[in-house]
Amino acid sequence: MPSPMPVTVLFFGSLSDVAGTDRLELPSPGDLHALQSGLEARFPALQQTPYRITVNLEFTHGNTGLAPGDEVALLPPYAGG
Amino acid sequence: MPSPMPVTVLFFGSLSDVAGTDRLELPSPGDLHALQSGLEARFPALQQTPYRITVNLEFTHGNTGLAPGDEVALLPPYAGG
Amino acid sequence: MNLESHLVNGPLLPLWICEQTAAWEEALARDGAAARSGACASFQGIIRADAVGEDTVEAIEYSAYAPLAERLFNEMERSVANRHNLHAVRIWHSVGLVRAGQCSMLVVVRAGHRAEAFDGLRAAVEAVKAGAPVWKRELLSGGGTRWVEGTFAQQIF
Amino acid sequence: MNLESHLVNGPLLPLWICEQTAAWEEALARDGAAARSGACASFQGIIRADAVGEDTVEAIEYSAYAPLAERLFNEMERSVANRHNLHAVRIWHSVGLVRAGQCSMLVVVRAGHRAEAFDGLRAAVEAVKAGAPVWKRELLSGGGTRWVEGTFAQQIF
């Protein structure tokens, strides 16, 4: 079995406070739902915050596979302008 | 009897073409209606053009007396901007 | 730089607009309005090279009843500011020759929030269009000229 | 001068706005759009020195998901231009620190007539407010910071 390949996770806005960083490199858990479960176990406050997800700059709805080098971003509600 | 004192008449926009000038000095006919009658006799096309009138920068409605040195302006429909 | 006058000879050129707007904003900053303004909106009216039969519009020659226009522009500014809760509103308009592509009218507003700025900007521009004693004549590519038909709108400011 | 990027480090300063707008308008003039535009409208979002309890807002620190923001700003520009019949629309937004009284957002539109310019300007600003992956944290006079609560609006552009 190949060892899990890393994915990059980006935390924006207040989620960077929740995670204590704006960027993590994690061994890929294979798919997005597994990644989210791992993140929410590690940072429980994530469950209290609504956020959207992009994988490689595309918005995802539901689960999706994660490949080596993928960039996953967690986007809380926008506050531009 | 004192001789009539001059008033200044200003013609704006297309009315300056109607009058052939943008400014006339005329002996005052005493009141505005008399002035208008004189102007419309001299420049018949005035009767085909709607216009507003100011006397000394105040809009007038109906007749008003004219005093020496008054400035009467004939304002066709505005086209600013 | 004359912040008092609303009428400007010739086109409102980009550099002039920048300088004039900056001077106006500096004056506002001195009186404290800047700290409350979250929105600044502006409108420029520009001469279009419209087709007129076989010709195109090359320029517009504006004329105004200057002392009356100055007074009415002041009244419009006060009235629109009050009605739309603006911190400031400023109108400038060209007289004389303005060529196609150049700016002949500038309106700038500042307000606490964007909705007031949008509504106030539109109201100020409509007030100028309807209520400014200004006339214009198109200069056409064929050499002719044409008075632009105007309107007597109800006073809307 | 980078006409490609929508995100700008720090405040959108008056001189930068003038230069950027002029460069943008020159580019439009080269492609002929200028001759058809009769209206140019712009909006600046400015940091208000709002009261927060005993404190006031001294600055806002913006962050963005830059590559996504660039793509979405491009999509907003295309979509608003199509929907509102604009000749051009351009969005700029700050990232990093912007102090009270400074500008953090600029939207400029050009259209044939003023009604299109007003509607398009408002639509573009609302699109940025609702759809730009940008976040902000207030820096308060007492030394604290506070994330500004955002919204997940429906996609409106």
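Read from first to last, the chains carry the letters A, B, C and D; within each, the first residue is number 1.
Basically, contacts are C-beta pairs under 8 Å (C-beta built on N, C-alpha and C of every residue); 3 or more make two chains touch, one makes a residue touch a chain.
As the structure is a prediction and not an experimental result, all values here were calculated from the model.
**Student:** Keeping to the contact definition above, tell me which chains border both chain B and chain C.
**Tutor:** Both-contact set = empty.
**Student:** Please report how many Å separate the Cα centroid of chain A from that of chain B, as a whole number.
**Tutor:** 77
**Student:** Please work out the Cα centroid separation of chain A and chain D, and write it as a whole number of Å.
**Tutor:** Chain A and chain D have C-alpha centres separated by 28 Å.
**Student:** Could you state the distance in Å from the CA-based centre of chain B to that of chain D?
**Tutor:** Spacing between the chain centres: roughly 50 Å.
**Student:** Taking each chain's centre as the mean position of its Cα atoms, how many Å separate chain C from chain D?
**Tutor:** 23
**Student:** Of all residues in chain D, which are in touch with two or more distinct other chains?
**Tutor:** Those would be 45, 125.
**Student:** Touching at least two other chains at once: which residues of chain B meet that condition?
**Tutor:** None at all.
**Student:** Let me know each pair of chains that touch one another.
**Tutor:** A-D, B-C, C-D
**Student:** Give the list of chain C residues in touch with chain D in this complex.
**Tutor:** Residue positions touching the partner: 14-15, 17-18, 21-22, 25, 29, 34-49, 100-101, 103, 112, 114, 117-118, 121-122, 125.
**Student:** Applying the document's contact rule, which stretches of chain B touch chain C when the two form their complex?
**Tutor:** 10, 12-14, 17, 50, 52, 54, 57, 73, 75-81
**Student:** Flag every residue of chain C that touches chain B in the complex, lowest number first.
**Tutor:** Touch residues, chain C against chain B: 45, 62-65, 67-68, 71, 93, 104-105, 125, 128-136, 147-152.
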